[in-house]
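Each of the next two complexes has subunit A plus one other chain: subunit B in the first, subunit C in the second.
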Partner chain A sequence: MGTRALRRIASRVGQSLVTVFVVCTLVFAMIRLIPGDPVLQILGNEASPESIKALRSQLHLDGSLLQQYGSYLSDLLHGNLGASLIQRGRPVSEIISSSVTSTLTIALFGLLLGVLVGMIAGIWGAVTRRKVVNVGVQAFSILAYATPTFLFALLLVLVVALMWGLLPAGGWPGGFVQSLPYAILPAIALGVNLAPKFLRPVRQEAIDVQDTLFMEAAISRGLPRRKLNLSHVLPNSLLPLVTLVGISLGGLLTNAVIVEAVFGIPGLGSELSKAVAQRDYPVIQGITLLMSVTVIVGNLLAETMYQFVDPRARVQ
Partner chain B sequence: MTITQKPIRLSFLRTLFGERVSRTVGAVLILLVVLGCIFVPIFSSHDPSDLVAPPMQAPSWAHPFGTDVVGRDVFVRTFAGGRIDLFAALIVVGFNATFGTLLGTAAGSSTHRAFDSVVMRIIDAILAVPMVVLLLAVVMVVGSTNAWGPLPAGLPGAMIAMMLIGWAFYARLSRGQALVYRESDFVVASRIAGLSQWRIVTKHIFPGVGRLSLSNAIGDLVASVVLLASLPFLGAGVQPPAPEWGSIMYEGRGFLQQAWWITMCPGIILALTGLGLSFLADSFLDSREAGK
Partner chain C sequence: MKNIHKGLIASVAVASVLSLTACGSGGTNDKSTTSPNATGSSDAPTPQSITISYPADHQSFDPTKTVTAIDGAMFGQIGGRLTSLTIDGKIENELADTITMSDDFTSAIVTLKSGLKFSDGTEIKPSDVAATFTRDMKVDGSTIASLTANFKAVTATDSEVKFEFVAPFPSFPSAIAADGAMIFPEAGLAQGDSFFDNPISAGLYKLDGAWSGNSIKLVANDNFFDGKAPYQEITFTSLADSNAVVSQMKSGQIQFSADLPPSYLEQFKGTDVATSFAPGFGFYDLRLNNRVAPFNDANVRNAINLGIDREALVSQIWQGNNEVQGGFWPRTLSGYDAKYNTARDVEGAKALLKGTECENGCTVKLMYSEADFPFANQVVLLVQNQLKDIGINIELDSVDQPTLIDRLVSGDFQMAPGANNSGGAFPDKLINDALLSSSGISAEFTGYNSPEMDALVKKVVNSNGSAREAAEQEVGALFEKDRPFVTYATRVRGQASSLPADKIAIVGSSLVIAADK
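And now, the complex of A and B:
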């Protein structure tokens, strides 16, 4: 690692911190942009002055805008996300920690499946000489892209769960091992939606690699095709995956929220849409920040990793 | 960024039967859906919100897509809903592509680096936040139940949210492309020849950038229809009783076993629309820019 690469990483960390700060500010502005008095909207017009005052201070809506912003930021820095307005003062951090497992499980399995399918299909479609495989990969890619996640999820429920009765149609019993069967269909829905996003660039990279000089040299040295694919095509086509995984985290979380709704899984997404429906601002704030920071950190990690896996990125 | 930004051609119909078949199939699919959306609600004897038959009747000649949970005709509702989805997608993509491309070209070809940096930081911030979070935030601020004029409740908020976010993708793509063109030989040559900055940007940089955005926009129509139809599953989007592909399917999702047609029939039309648009987008790609 040269100093130039280190400097670039440091500047990316700085940029990410700025983005986190911008996101926090956006979330702060969000509640204040809502038309009308959010406190009255939450409590209704017949609320007692005491409860209005209490809620106002809990939401940091008293004092000047600058004071409000200051106490909001200091709360965040102390890891205090506030308490739910609807769920009898339950701390937001507790709501998040109790609902994050199911979301994380289906999202990670979905990501794993998407990466595997995208990688294998992308490279296979690029190196194959059989038209059937090439057309099959293209057809899968275009179909998976044109079908919304929720539609594919509903189709899985209808066919696999209801008609064949192979897997549960929804719900989440809790406990990692007991929940695994409940995670399979949601993970497939997420993975199939994700796969084309990985498949296309991987396939393109695998095609481009075949036109390079080092491939030509390897072919003229008489390397067998299988070895060529394993040692030259595979590593090079996997490079875009590193960055792509980081970029796709946002879309993955969006789809996880949708898939949770289809399968009736109690997770971050259901807590978020419940909170949006009930105008439970601290919960919205907390989950919003958590999701955004996850995506920003994921992007940062991906870009930093890239410097390690691709030597060319370090000298450019 | 090391990812190939160029769109990749993936129409398996083109691989099998050639360019013309792929383009024709795409156009015919879209034409059928659009004609259905125009004429089915006009010639149908009943309104999308009329109760025409007992609830959850299986597809029949009188009601090709069956009836829904309360006994409305799913066929009429699907095509009336298509009007909303396709209209919204056209407006949203049209705005995003135009605004994003103009701003991205301006940032990429601007001689003021500060302007470029500011635009890029805004784009970064928008793209760093998960889409769902921004969408829900904007829908909350705009209001999820407002109906504006002929637009049904929930649609204005969803459209504004998609417009506030979507332009950033075009702006980033266009800025990158403009940077490439700015250093290319023909632009350097015209700069040496003494052409004004305005003329270079409008005559030499913008046409190429615009074509890339256009081919991207057709594929983006798919993504926008899909996103709008997904919103009901996030607790936002078009509110019932207005027919919209996503809200029809959301209403029917609890009755998959008793009445699969409520969700699957609009779903098939939605998937066919997406497929047709994907084929069209594929054939609009410039073969010199696109991958193999």
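And now, the complex of A and C:
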């Protein structure tokens, strides 16, 4: 890789750091601008002016916004995400580490499934001569794209878990191996929703590849169809996947929040929605920071990898 | 192409029908499956391990730092208390052997049963009781302040604990049965906050490890002094989504579920899950801001009372499986009087509105949050419809829960659906919170300020026996006249269970598991 490319990557890393800083600042400000007081959430009917004052001071919410922001940034630079206000002193890093496994498991399996289904169906739809397969792939693509994730997740619970009793209806026992059966339906729900996003560009790319001159040359040399598809169509059709996977991370995490709710999975999404509902500022800040860093790093990696896999990008 | 279209339409139609079946509360009203006290059967085999779900989240194992129902339910199982609530709703001595109140109810002497042990096998001494309550009293911003604010001092000798109260406190034996009034070892408390990461007490169960995801396991406490735990292991799981709870109950992953919305309980029809509504020690109400027009006029408040149709509310929300309440006292407390459960009287309401700001109709904002009650949407629409008949136009103001609480506390509302309840079968907390002008929540957030009512509240709280009963009647009568807010039904908690009802049930506001004796 040339100096120019390295400089370009360094510049993108710098931009990403600025974006993370802006996200942190915006989230900090926005959650404090909306109405709602975590102290009142904690005290409930036991709130009295004295107890409110005492608790606000105990939770360090009595300082000015600027003081609180300064202390947040200082903690952040020291790698400290703070402690939950509602779960009284529980470190945010502990909340994240206990919930990230389930989210990562279902998101990664969902992504893997989405990529595999999208890739196979996309290429199959492009290279097949059987009209019924082509129409079937397109119908699947439209249906999967149009069906909301929550709806498909509910259908999976109803049919696979309750009617057929094949898999658990939800929950997350903890421990990676024990939890694997619990990850299957959520991953399918995520993967099926994601697949059309990969399927259509891959299919289009595969169709375009078949019209190229090098394909015509390969056909004229008498290469068998299977070899043509595996050696020429497949590798050349997968380029869009590199960027699409990076771009889809944001949507994947959003859908994971929905899927976690349907299956009652204690993941990052459910922690975030609880924290927002209870105005647990440090937890909201910690999880949004993690999610935004994930999306930004995902995009950065996709862009960087593209430089490696596509020589044209390096030349340009 | 036509065939493809047909296939697509058919798929979408099937998907829609299935999704509606999955999402909706569905079905017609069949009281036989959703009836009070219909939970479980004693003949069912007893599993060794059960899972209990609550929609609330865990906050802390320190009872002074949490208000959530799941924590309360766990405290009920792991906590040893001086007195406790039985599964048939009675208060009985637990760790306490005797409780002797002074004649003026300003102090109490408690002796402990002999041979009591914490779950770690160490002896429970009077000094542990004194240390626990002394620590509870000192915590700033404590969530059990309504109990500990009654205590002036708690001291111990080798054989007894002495409680001194700031004012007569005849409800003491009932109040210390609260889930959060659990006793901890003095040595443990000396460790500071870290003790509450895995606290030791003396209940029927003890904690087994920390939270894993949204679940935590409790195991039977072999040192429990009074019988054996009916289930060897209990897993508590926090599950906010009601559809997920229903699915997991139907698939057998969860055996007991608390606080399910009323409309969801119908989904268990035809299954082995029995459902019921446990009456609590409180009410559902419409909070009226007494500080602002038009509700600064008692006639308008009383007109609302006559204008709402309680029977219709109970029938629509709980399918008739709850009872109407028109007066202050719920049917579960001694001051209850059915004569206040008046029927709807539209003409009477209109007559009361004459000469008020609403004589020729008025518009009122009704603030609510869907997260506050699972049936908040239903209540506000029904009330909106009903009050139209007396010329009061309701504008709905939907907010999220933290905003709702903020605005209730600051008095920035006109009308809002709400609920209140006492911690047990004694009136203190309910009457203090809902009627006392100096209460932390300004008399059910209404700002109601009546010196006469304040005096009556003190009379109820400080007296006992027939004197208390007479004072309760006076409170009921004054409430009827002033009507600071409008009650419409008894507070209930929906429960779904596939376990025997004589082993596990919600009683009042507590989850009670009966030991095998």
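Observations, loosely collected:
Please note the rule applied: the second predicted complex is superposed on the first by the 278 of 316 C-alpha atoms of A that agree within 3 Å, B and C clash if a C-alpha of one lies under 4 Å from a C-alpha of the other, contacts with A are read in each partner's own complex, and residues count from 1 in each chain.
Heads up, the rule we're going with is that a residue touches a chain if its C-beta (ideal position, glycine included) is under 8 Å from a C-beta of that chain, and two chains touch if they have at least 3 such contacts.
All values derive from a computational prediction rather than experimental measurement.
By the touch criterion stated above, A:135 is placed in contact with subunit B and with subunit C alike.
Of the two partner chains, subunit C is the only one that A:48 touches; subunit B does not reach it. In the superposition on chain A, contact of A:147 is made with both subunit B and subunit C. Of the two partner chains, neither subunit B nor subunit C is touched by A:210. Contacts of A:68 after superposition on the shared chain: neither subunit B nor subunit C is touched. Touch criterion met: A:157 reaches subunit B and subunit C at once. Contacts of A:258 after superposition on the shared chain: subunit B is touched, whereas subunit C is not.
Shared-chain residue A:266: touches subunit C; no touch with subunit B.
In the superposed model, A:93 makes contact with neither subunit B nor subunit C.
Residue overlap on subunit A between the subunit B contacts of one complex and the subunit C contacts of the other covers 34-35, 135, 139, 142-143, 147, 151, 154-155, 157-158, 162, 261-262, 274, 277, 279. Those residues of subunit A that touch subunit C in the shared complex are 34-49, 51-52, 54-55, 57-58, 86-89, 98-99, 102, 135, 139, 142-143, 147, 151, 154-155, 157-159, 161-162, 165, 168-175, 261-266, 270, 274, 277-279. Interface of subunit C with subunit A (complex): residues 4, 7-8, 11-12, 15, 18-19, 21-23, 57-60, 62, 65-67, 140-146, 193, 211-215, 237-241, 243-245, 247-248, 250-251, 253, 371, 399-403, 405-407, 409, 420, 433, 439-441. Taken together, the subunit A residues at the contact with subunit B in this complex read 15, 18-19, 22-23, 26-27, 30, 33-35, 131, 134-136, 138-139, 141-143, 145-151, 154-155, 157-158, 162, 200-201, 203-205, 207-208, 239-240, 243-244, 247, 249-251, 253-254, 257-258, 261-262, 269, 272-274, 276-277, 279, 284, 288, 291-292, 295-296, 299, 306, 310, 313.
The touching residues of subunit B, counted against subunit A in their complex, run 1-4, 6, 8, 10-12, 15-16, 121, 124-125, 127-133, 136-137, 139-141, 143, 222, 226, 229-230, 233-236, 246, 249, 253, 256-257, 260, 263-264, 267, 270-271, 274-275, 277-279, 282, 291-292.
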